[in-house]
Every structure is written in structure tokens, then in C-alpha cells.
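In this document, chain identifiers A, B, C, D, E and F correspond to the written order of the chains, with residue numbering beginning at 1 in each.
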């Protein structure tokens, strides 16, 4: 486990003596014709640019071998270039086995406790009453798939884009769907919760996240919606007597969960459960996205972020009301109990 | 109180001896040149067409005076015309004072208990901790305005389009927003709940609902969003020392709650509370709308509704999973506590 | 086999003594309160409205049993109502077994010879050189599926919307794709032809066409694109050592063939083969659609059709140049050889 | 008053000895690690980039204190960098009180005479015949508000984006509306002119323009349309017996004047006056915008501007016909008389 | 000249003894099987439906010959059917030569005096200073073309859709453009006025208006924009030494005057004159359209029209402020002088 | 004729001793204040950036005279800057007459043999049976115009954007249209082929391509569609007795060939020939565009291109199936016979 201050906590001139993950790495020439390496270095809290000049100790030994995904040990300090933070490198070396660091230590990660989240997920799955759906979920979430499922981010950017982000996002949606089922007994609770658990499941094959978040060829050619539908279809076909109508309804939930054709759903929501899942997904995703953008993208000295094209606006951090102590001391560690 | 079976429970050939509200009323000519009155008659459960032929008892005495909003007593039977239910009238008379019926008895109405909903609303308002917001809400929800607020439908069609629909809708949104505040302590709970209470408040002047739901001139020229913003602005201006920043944030919630310019919000959500309110509103509205459409618009003998243009699709009533008895016996009477 | 003139060849006042398929059937009341049945009756050439009055011979014996898909024997004549052709019924009876007629005799049907089209398809399949693709196609086009495949229309309306329409449409696309492969050797011929054969294959489960064209529940909930992808995925999973990359490319062809997200493709074309297939599909579909609309929907006495909303325009039948005899005497019976 | 040549009149190599306004100001590092300040300096005619190197006289004394809005005295010359004009600084100092310069001297400003424009506005207001509207306008245009109103630009960019731009723009719209009233007596002249005067009035709170044009927090959260509506609503509420219908019509003019929901109007124009105001606004704005773009953004040596994204095109300065002397010698100083 | 009251002035039960133009004419059957003719009859003020029953005097003599464009003499009275005015026919006969009536007497017609409008147009043309443009206009507006030009409506529906509507519309645009030239000397006055005169000129071949307004084949296949461009191009090609740049600028005005590609302009406005013409055209068209809709389409007993799809809204006739007598007594007979 | 290796075949460090065309040329300053020239240099295979530093031999003699379209002789080597190839210049001189090189030698050019393509075009023209169309084509393709026609690219970017690209593109469309005529005898073969030949013909005046591809003023103000329509209209007007209906149909083909208003066609396709031509054009253009992008824009070491905004996606070069030798050995030199 890493024992070093987080990048996001450093300010200009702070000294750096850190292991960092190489996220971009390009050999370039200065206008004067000298070689340097343009880097992006990060830990789980943030990433910054850094130029590795050829007169820095260690330059020669790594310049031909360094690749994205490597971990390096840097000394230097926090600096600034054109208003953006930048790392000034004074020495660099590749990490060694004895350093006992892995790329996963440097990826952003859900702030919620993974063990708690796994328990919540499994416990909620146990409460599914319909035996066909419960058995199907147990088959789909085999050990190998579950391992990926609890790690994968919900996306490369925008919302829940960190390790275990998909699990965190899914638990929020389940919580919202359960509330809607409390309000509307007409919604099939088992079905909509099962749909919530599976809706973004295809991301385990659409995205790779080791050492950096990236879309796979399969992900770009098929998309996570169809990948999930095909896996679920496969597992159902292995199950004798799974009801045809239930199968179509469940697949419909997965296929329609992005709500509109232009958002890449091949069908729009046509059932009560489908509209519930789509809107719950939107609620969880948008609130998380705004929260993260406002936390990370405020312009210096301003309550406003830059223009965020995915939202079509800049965002405002009014910072106005502190939630009074007593009312809000929610035990946020578990959503279910 | 009316003691008669609901229209929606009647089937073809059932006899009718009912008080009904006149919702449309046009004097016409048959091709043969005879006068008849084309009516739409309804109770709170449904409305049907009916033709009043000139040889029906009572035709002459009412033909020149009958207007929308009158209540009539009908005898006759349920019939059908071109696949749609229709009322066959055998006699008709205007209601008298001694009948003790008012148009309100015939308007669709929230299925939730109004007293309970009022209590929930007031109780949640009491929990607002910020004194500026709490005091503002108490001023806005004066007795006269509150009386309208608890009656008005959330819309003329589509979702929560029945008496007390706005109150029911608002309570759902509050419930959803409170859940999102549990998950995200960064959201200002008082602010977003206050925004939820006020977001559609302008509908008390945008809509009239007695005797039928209709938009007012003011409503069509200004829209409920700006009406609400102006009332809230007025009340804040009367309050000494209401913080300017809090005022702008609260007005922003009202103005942006429809989420997109093309949905008639003059600004898009730019704060964490605004995106939460918008998405919570969508979730409550869409699920209610789908539920009502599926309940009321299935094609005869089909699991599909007709094409619903507001949703851009037809809808499916799979009717597949019954929610098992024990799990779902939620005390739906109160959403809070 | 039916031996009667086609409906489309009849003009006003022509006598009718025909077997016809019941395509719509509703029991209604006249304003005077008498029962009649509003029908749509058709053969493979066209369909017209007809009212069955209660004084017509045969009315009573069938009024409670007649359903869509029945075949009836009608005497009467061609008439007109409000400018539209209508059938005037003088007598009616249900078809009997001894009449030896089936609904299929009354469905519109491709004008090309089915035997020839089957041969063309099989012969083209035989020419696929890649063994994985060829073997996959042979597995997918099992006898049972092939039987459906050669019958299903390409759609309910718009283009190739007749029995064997999908096969006719597919052969055109193959022909176009082969031409594009002649021009561009960079296109993988086997892959694009295989994609063409499978692209709309899911319609065998999306549509039912016996006795009338209709979408199935599965078709409306999943769509033919995903249905096809799931079947192909299943068959590939049964095949040992089918190359992963080839699988993803083939599935991409199916998924992207409608070209745009808003046309219900969950991914847009990203390969040379995918863009070729999408544009070939468009070319075949649009030309067929325009041809049929211009042939069938001209306003009486005009060279213009009514406004066609799927095309966003009315269409013009200039009828200007006759293709000179010699140049055009193409043996249209076979597209391949 | 400044007595120096305008920036826009200078060409490459011209010497500079000017007071200029600091519009941007960032301390940066060269690749070699030396500090410099990246500036944007402007007068009312134009603004250019300038780099202040650390060896320039005055660098040290100002590097830690210089902020946007300061006025500096520069010596140096006009230069060019990558095809764009740039100021080469040889010496710099902060302005002193004795220099007798203020930021307002450096802001772009309407070319029309402010005194004349004020007279035109007041004179036109005096001609309003309806006493309710006239009195309302007099109350709204209190001295303090009028002072802002005659200074504020109509926007940050695009059209009339200079000091007194809103007043100039408003007078044009009034002129156009009066012409439309001459043509169509059905238009309520008092109402539409009152709407024209108030339509963009909210910009006095939406925009700040001292020392640079910027949107305020309130402006971004509420928008000038709702700000204006709330002020007008306030003033009307203070007026006894202001007709309700007139109020709604006037507010409708303000709310709908951007013409479409997607242009941020919460209602579309629904009255004859509203459509007149919207189209007059468009005409005034677009012509001014094109004129300014063509005057300022031609590519060097070309009759074409670069691509202008707000217009969706590049623009052409054909420069073809000179308006002949006599016909066009309009006394442009006053639009009214 | 007709000497009879206008249809629009008649109310229910008023007797009718009028010549009227046949605008639609269809022979139909009643449900009982009797023939009748469904008519639309109109004069220049309005048009109404009428059913001609077979027992009306004159039915037999005209039933096989009556066509659109005929003039008939009707006796009867104003009636109503389903809330819409309808003409009840008691007798009918075809007009005779001795009646001295022509279809033109029955077409809606500009309310402005045609002689005055012609003078205004010619007088404005005379003021064009540029000899190339002036000479071009004189060649284009040859006697034959000018005759059509002063008659043609500006459209089939929506705005200025009456005889001489194009001329009235063009004069308004010229007036607006001249105002904009007064404000902005940078606009080439001759060019923009020339563009205004020619912009919709192609409508003389796009529309036929005798006896009813209809699009021609050429109009539907080419559109009035390209028709005008081709005529102007032809005339310029006949003129020696017409400047190439002036030609392109003038053609650009015609081609871009609908402002956006999706409004069928093949290029968007790229010059100052083009944006002026487009926005002036919009202003003239929209105000005229709203005025006519509000005058003609109010729902009975309401200040609101039905929903107008071309405007995307219903419209409100607030009818609030009467323009005070003195201020508005504009001599509307001439726009110029 | 040039005898030097193609730029696209060179890799990093390869020596360069080439004639190259100057495609961009800007005199700039380094941060240190030294002059250099930023160049883009290309041959027909590709173009790269190059910086000409002031210490390079030849700098002084050319720095004030070098312009776009010049040919220079360079020595140096292939280098790289920020991941992009760049030319490192060691010496430079202007080409001399004795070098015998012209800019045309350096423009990208169709890979098909121009003589063959010309023959194909002329031979296909000869087969037009309709004498009016054939004669028209012969008049339009006069020697001077034909010379331009066979050289002009089909566009500045995207598809067939090389010398003779329009001819290559047109031949593909003809081939596709002929296939569609084989399938559908209802299509008028002569008309659609004539439309194919003329549809983009206006590009000979819309584009200049010597020495670089650029839009002309006329092209930007009128567009190639209207330019073509005007030329064709002119030629038809010179032809006695050309049928009016045929003229309108042919012009319609040209005007509608971009298929949608928003793609700058002033009318949408309304005839069978027009829809055929539009879709054939799309097929030819899109497949060519994808092919070129995939060939030229793959990211280094990846099977994916960068994001291509005209396609709205990145593209994949699966490179999976090699077309087997025998099947595909199409003699691609001629498309016809």
C-alpha cells in the first residue's frame, strides 16, 4: 500500500518524492532539436503533465523503453505552466519489484468501501424472490465475471469513472428503483432490480481499465448494451424453462436503458419497469457527474467551472448552505439495511 | 357524497342511472337535418361520448341552456360505437340543489389520502433547518395559496393529471431528493427540498380545474415557471435580509427544473441541486405517466397501448411478475417516517 | 390456386364474385342504431373497404364469428365512397375447406420467381470462400429458418412489404455489394456478402405474416437487429475456433446496418464493409419504396402522389421517357450469372 | 480624454506610446524556465496580445500586482506573431491618478452620439399615449437604472457589444416597430414600443461592463429575460389598478422576445405584438452582427472572413456598389424626427 | 363587378342569394346510398362547405359537369354543422355569360389599392441608381412578366396568400430594407432593393392562381428560388458587360433569402445585404401571417385561435389597447413618399 | 515526369532530395525573435510540415518571394515532431524552368487511368438513346468544359478529393445506376444516367484546383448545384423544341441530388430517378471516403483512426479477410463492358 501524499493535495512549490503511473508518454523534439519526453503522470487523486528533459538523471536509461502503464519514481516539485499545474522532474527511475507497487494503486477508485458494496449487492440479490431471475443472476455473476464487475468503472469519463464505479452506480440505481417500487406497487420489483443489476454489465467487456481506462475493439464494434444482451441471452438459453415473456422483458430493460435511440439504445422504453430503470439511471449518473465536475473543474478563484460540453453549460458551486450537523449525519457507509 | 358505481366499472349493456359532469357540449345537426347534442359525460373514473337525440325526454328543456360544467342526471345504458364505449341516453335532467352534487365530485382525484398528503407536506416543511427558507415557505404557502396548491393537478394530461396531483407529485420528488441527499452529502438538502416544493407551484395560476382542467390566459402567456419565479421573488423582496446568493440559487432551481431550453426552462441546470431536482422530477413524472397510460389505454384484447405521441412509442403491459405478497405489502399511505 | 381477376384490375361498377381475405373486421352501429360490419377485404393485389349491412344475405350467420384472417366469398360490385374505391356487398359466405383457398393466396407477394430467387441465394452462398463464414451461414440457414426467411416481407409497409420481400431485397443488396467489391478490392467480399445475407435476418422473428403482417411482442421489445445478433452469436458460440475478430466484425455489420443511432442501430458503421452494406441497403430500400408508392398512390387524374410522410414529400410520376426496346430487354428473372 | 491614435489604425512596425487597458494577465514560464507575463491589452478600437518579458523595464515592479482592469502605459511597437498582430513591449508602467485615465476610456463604445440617443429614447417614451404604460416606463427608468441602461452593451460578443450598445439596439428596434405599426394598424403601437424598450432591460443586471464585459452570477443563474420580467412585475405590483390583461401582454412580450424555446424564451410569441418585436429584434441584431464581423474579421488579403460559428458560415465583403453620394446622405445622427 | 354582401359578414340564418366560386367538388354517396355533392364555395372574403342534396333544384343538371373553378348562383341560407359555418343550398345554377362574373372576382385579394402599389413599385425601381441593376430590372419586368408579378399571391397559405400578395409583401420588404439602409450606410442600397424586388419573383412560375391557388409541376420540381435564379441569370447573360461580381452577389441574394438550408435555400446568407433581405422578409411574412391567423381563426367565444402548426403555437388576440385616434391615422394608402 | 520516391513511402530518417509543392507558407518569429518560415510541402502522395530556419542555405534568397504554388527543391531528411512526420530542411532552392516540373505533378490524382476513364465516359454517353438528352450532353461537354470536367476533384476533402476525382466518382455512379435500371425497368435509364453525368458538373466552376484545391467566390456564393442548373438551363434554352417536361425532370435530378434540404439541395428527390441518383451518389461517396480515411488516418500502432467528424465516428481497419486470389482478380482498369 502506498504511503505518500495525494497529488491533489499538493500546491505550487511542494516537493515531490512519489511513485506515479505513466498515463501518456511521447518522445519529442524541442524547437532547438533536443529530445525530451512529454509525460502525463498520475495517482488515484489526479494526473498532471510533466516534461522530462534530456539532462535529467535517468533520462537516458528509460527513454527508449518507457511505456504507458509503467510506474516511475519521481523527485522534483509542483510547478505551473500557462495556469495549469505541472510536475517539474529532477530525477526519475522505473519502479522495481521490491517497490511493491502496481498500476491499480494509481487508478482513481470509488470512495465507498468495496467490501461493504459487495455485501450490499449480494444481499440485495438474495432478496430477489422470483426463482428464474435469482438463478439467472447467480449464473451470470460467476466468480470470474463478478471479479471484473466489482472493479470496472461505469465509464471512461463523465460519471462514476473510477475503479468500482459501476458497482457504486448500480447500487444507487437499485436504491432509487426500490423507492419507486415502494411508491408504485404496479412496478415489478424483482424485474426492475434484476434489470438494474444487469443494465451496464456489458461494460466488463466494453472497457479495459488496467493500466488505464480504454475501450476495447469489441466494445467499440458492439457496444456494452448488445454485449450484455448477448451474455444474458446465452445464460437464459442454458436454463431450461425460463419463461419466454420474462426473457423478452428482461432483455428489453437492458436494451432500452439509455432511453432514446440517439443515445444508442436500439429500442426505447416500452414498459413501466423500463421507464423506471432509464430515469433512475439518469438520476444517478447526472448527479454523480455534476458533483465530480464541480469538485474538480472550478476555474481558479471562481465559483464556476469551465464550459462542460457533455452538460452543455458551465456549472456553479454556490457553496451556500452547509447541511446542519445533526440532520445529515447519515451513515453513508451502507445504503441498505 | 356520491353513491353510484364508477363509469370505469361498467361494461356494455349495463344500465346507467347516474349523475355525470358535462365536459363537452355541442348542438349539432344530423345529415337529415335534425338537432342533437354531442356530449362528453364523465365522473372521476372516466369520461365517455354520448349523443342526446331530440326525441329523448328532457332534450327540449335543456338544449339551449346546457353548458360545460353542468351536472346532469342520466338514465340509459352503456353502449359502444366504432369500438369505443358510448353512453346511450334514455332520459336526462339537470341536477338540482337538493341533489347535493358539485363538479368537484366528478373530477379525477389522487388515489392517495389528501389528509395524509397534507400532513406529509407540512411535516417535511417543518424539518427545513434553514430559517430563511423555512420562513419563506411559510409565507408563500399562505392559507389561500395552500388551498389551491393541494387541489391543482400537475398537468392537463400526461402525468398526475388529477385533483391533488401536484401535491402527490411533489411528495414523490421530495422523497427522491431526500434519498439523493442521503447518498450525496454535498447536496444542500434544505435548498433542494425547498426547490421541490416550489418548482411547479406556478401551476396554481397556470391551470384552472373547476369545473374542467384548462390553461388560463396568464398561464399560456407567461407559463408556470415564470409565474412561480415572480411570486417567490415578490415574497423574498418582502423579507428583510434574505441572502442574495440564496435567492438566486432558489430561483435558479425553479427556472431550470424542466432541464432543457426546448422544454421551456429559460436556463439549464447549473448547480448540483438543480440537476438533482430536474432528474427527480423526470423520474416521478415519467413513471406516473407510463403507469396511467398502461392502465387506461390498452387496446382491447391486447397487451399494447395505441401509439402515445408524448412518449414516442406504444407501451407494453407484460403483466408478468406478481410482486409476492409479503415483500411488497408496503404501507403506501404515507411516504414519510 | 385462385382463378379470379385481381382486385387492382377492377373499376367502378365491375361485378365481383371473389374469394377475399378479411383484413379488418369491426361490428358497428349506424346513427340510426342498426348493426353493420365495417370490413377491409383484399387479395394479393390490393385491399378495399366494404360495409356489410344487416340486410345482406349471410350477415346473421357470420356476424358473431367473423375474424381477421378469415376468407369470405363475396358477390357484389366495385363502388366508390368519397373518392375512394369501396366494395358493395350483395352476398357473403365463409370459405369452406372444399374451396381450397388459404390466406397465403391473398397476401401480396414478390413479383420475382421464388424458385429462381432461392437458387440465386444458395448459389451465391456457395461462392463464399471463407470456410468459417460459409459454415456459419449453412448452420444459420437451417431448413426451418430458411423456410421462414424466404417468405417473410422486409417490412410491414414502405419497402419490399410483400411475401418473399426480404429475399428479393437481400439479393439486390448482394448484387450492389458485389459491384462495390469489383470497384474496391479493399472491401472484404465474403464478409460484406455474409453481412448482407444476415442483416435483416432477425425479421423472421420480428414479423408475423400469416394471415396479416404484424409485429410480434418479441419484435417490438427487442427489434430485429438485436434478434439477429443474438442468433448469430449463438451459432458462432457453437462453432469451435471461430475467429474472435471475424465474429466482432460480422456482428458489427448487423448492428450498424441502419447507419445511424436514430434509425435504431446501436452502433454506427465503423468499417469499410459496414458503410458499404448500409448504403447498399438504403439504395435498394428507397428505390423499391419510391417505385411502389408511385405505382400505387397517385392521386386520381394527377401525376403526383399524396404527401408521403416517410419520404417527407409527395412524389412525381413524370412518365416521360420510355426505355427503348432493345437496350433494356434485360432478362430480369435472374440477377446472377 | 485620451489623445492617442487608435490601436486599430496601427500597422506592423508602428511605434507605440499608449495607455492601454489590461484585459487578460497571466504570469507564465518560458520553456527555459523564465517568468513572463502574457497580456491582452486594448483600447476601444481593438485588443492585442503582448508578452511582457522579464528583462523589460518595469517588469519587476508590477509582476505581482498587475490585474485585469488596470491601465498601463506602454512603449514599444506593433509586431506580428503567427500572422496575428501583437504588441512588442519595450517599457511598461502602471497609470497614475495624474494620468487622468479610467477604464471606461478603453472600452468599445457605440459610434452614435450618446446625448442624441438619450434624447431619442426619452422623446419616444414621451409619445406613449397609454397612461399605464407611460407611467410604468417612467417608474422603471428611474435615474439609477437609466444610467446603467444607457451604458450597458447588448451582449458580450456578437451584436451591439459595446458601451451603449443596448440603447442603440433598442432605438433601432423601436424604429422598425414603428414602421410595422404604420403598415399594420392592428398592432398596438404603445404596447409594442413599450415591449421594445423593456425587452433586453434585464441586461443591466445580467452583464457587468466595468472594467470588462462579463456575465454576473445572477445573470448566469436567472438570465436577463426573467430578471426583466421580475423587475417589471415588481413595478406593476406597486401601481394601483394596472390592468391585469395589459400586464400579462407586456410580460409576454419580454418573455417571448427571443422567439423560440431553444433560444431561451420560456414562451414563444403568441400575439401580434410579440411576433413583431421578435422579428424586429432579429433584424436589428443580425444586421449589426454581420456588419461588425465583416468590418473586423476579414482574412488578410481576402474578401472573406474566417468561419463564424454563431452564423454558421464565413462572410463575404463584396465591396461592390458604392452608395452614390446624393441618395444616401442621410443625417444618421438622429433616427427620429 | 359583384354587388353582393361578403360571405364573411354573414351569420347563422342569414339568407343567401350569391354567385360563388366552386373550390372543391366531389360526388359522394350517403350511407343510405343516395348521391350528393360535397362542395366548398367561396368569395374573396371566405370559403365554406356546402352539401348539395339530390332533391335540390338544379342538382341533376349540373351533377355530371360541375368542376372546380366554375361559378354558381346559390340561394339558401347560412347554417352551422359541428360548430363550423356551412351553406344550406336551396337552389343552384351555373353562371351564364350574361352574369358577367369571372373567377378572379372570387379570389381573395390584397386590401391595398393595386394601382397605388404598382406606382410605388415602379417609382422605387426608377430610383435605382446603378445602371446595370436598373436596366436588368427593366428587362426582367417586361410587360408580360409584370402582369403576372402584380397578381400572384406570395404563397398558397400562411402569409400574403391572396391576389397581389407578392407585390404587397415585396413593397413591405423594400420599405424595411430602406430603413435598414438609413441606419447602416454600409449596406448597398441598390443591391438589397434589387434583391427584394426579385427574391420571390420565381413564384410567377411556381404558383398558378386561376381559378385556385396551386403549385405547378415546375414549381414543385424546381422551386421558386431556382426558377428566379435561372431567369435572372438568363437576362444577365443577354446583357453585355454586366459585372461578374455584381451578378454573383445578386444571385446570392435570391438563393439565400430563405435564410437556412432547411428552409430550402441552397446557400445561407453570407453578405450584409443577404442577411438584411432575409430578416426583412421574415419580419414582413411573420407579422402578416399572425395578423391573418388572428383575424380569421379565433375559436368561437375565445380570444385564442386553434393550434397553428406553422407557428408551433396557438395565438392570442388580447384586443387590449386601441391605438388612439390621432396618433395612428396613417395614410396607409401609400408606403412611399 | 518526376522521378523521385513518393513522400508517403518515406520513414523517419530517410534522406530527402525532392522537388515539392509549397502548400502553405508563413513568415514567423521564434520566441527568441528570429525569423523562420513555416511551410507545408507535398507531392501527390502526401503533405508534411517543415520549418525553414534562417540559417538554412537559401533562406534569404527566397524569404520575401516564396508563395503558395511554388515548387522548391529540398534536401534534408524525414523527421518527427510531436508524433507527426515533419521534413527537416537542410537546403532549399526554387525550381527553375529547366527542372521541367509543374504544380500539377504534385497534386493527388485518381489512381485509375485517365485515358480509360475518358473512354468509358464518352462510350457511355454514346449509348444514350434519347436524342434530346444525347445532343444536350454533347453541347454541354464542349471541349473546354470537358477538359475541366476530367480534371476537377469531386471535393476539397472527404471523398474523391484528387485530380480526376469527379470523373472517377461519376463513372461509379453511372455503374450503380445502370445496375438499378437492370433491376427496375421502371427507371428511365437515359434520364438517370444523364443526371449522373451532370449532377456535380457545377464543380468545374465551384472549385479551383491549380495549384491547390480551393472554393471560388462564385462557388461559395452560388454553390455547384445551382451553377450546374444554370448551365444546363442555358444550353437547353439554346435547343429548339427540347421538351419542357424532360427539362424539368433533368433539372430536378441536379437540384435534388444531395437528397435533403439540410444538405443544400433546394428540393428533395420526388421522382424514381432522383431517389436512385441520390442513393447511388451516397454509396459511391461514402465508400470512397471511408476507404481513404482508413488508408490514411490510422493512429500509429492502432487499427483505429482518430475521430472523423464528417462521419461522426472513428473507423476500424479490421484487416481480417484477405480476398482470395482467384475470386477477386477483377480487371479493375475498366468498369464498363
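The definition used in the following text is that a contact is a pair of C-beta atoms (placed from the backbone, for glycine too) under 8 Å apart; a residue touches a chain by one contact, two chains touch by 3 or more.
What you see is a predicted model; the values in this text were computed from it and never measured.
Colleague: Could you tell me which chains make contact with chain D and chain E both?
Modeller: The shared contacts of chain D and chain E, listed by label, come to B, F.
Colleague: Among the remaining chains, which ones contact both chain A and chain D?
Modeller: B, F
Colleague: Could you compare the number of C-beta pairs in contact for C-E with that for B-D and name the larger?
Modeller: It is B-D, judged by the count of C-beta pairs in contact.
Colleague: Report back the single chain whose CA centre is most distant from the CA centre of chain E.
Modeller: A
Colleague: Just give me the whole-number Å value for how far the CA centre of chain A lies from that of chain F.
Modeller: Computed value for the inter-centroid distance: 44 Å.
Colleague: Can you check how far apart chain C and chain D are, centre to centre, with Cα atoms defining each centre and the answer in Å?
Modeller: 61
Colleague: As a quick test, compute the distance in whole Å between the mean CA positions of chain C and chain F.
Modeller: A distance of 40 Å separates the two centres.
Colleague: For chain A, write out the residues touching at least two other chains, lowest number first.
Modeller: 217, 220-221, 245, 248-249, 252, 270-271, 314, 316
Colleague: Return all touching chain pairs.
Modeller: Result of the pairwise touch check is A-B, A-C, A-D, A-F, B-C, B-D, B-E, C-E, C-F, D-E, D-F, E-F.
Colleague: Which residues of chain D touch chain F once you look at their complex with the stated criterion?
Modeller: Touching chain F from chain D are residues 30, 79-83, 303-304, 314, 316.
Colleague: Any idea which chain B residues touch chain E in the complex?
Modeller: Against chain E, the touching part of chain B is residues 26, 28-29, 31, 38, 217, 220-221.
Colleague: Which bits of chain C are touching chain F when the two form their complex?
Modeller: Within the complex, chain C touches chain F at residues 127, 129-130, 172, 175-176, 179-191, 243, 245-246, 248-249, 252, 268-272, 275-276, 278-280, 282-283, 286-288, 290-291, 294-295, 311-318, 320-321, 323-324, 327-328, 330, 332, 335.
Colleague: Which part of chain D faces chain B closely enough to touch in the complex?
Modeller: Result: residues 217-218, 220-223, 225-226, 229-230, 233-234, 237, 244-245, 248-249, 251-252, 255, 261-267, 270-271 of chain D touch chain B.
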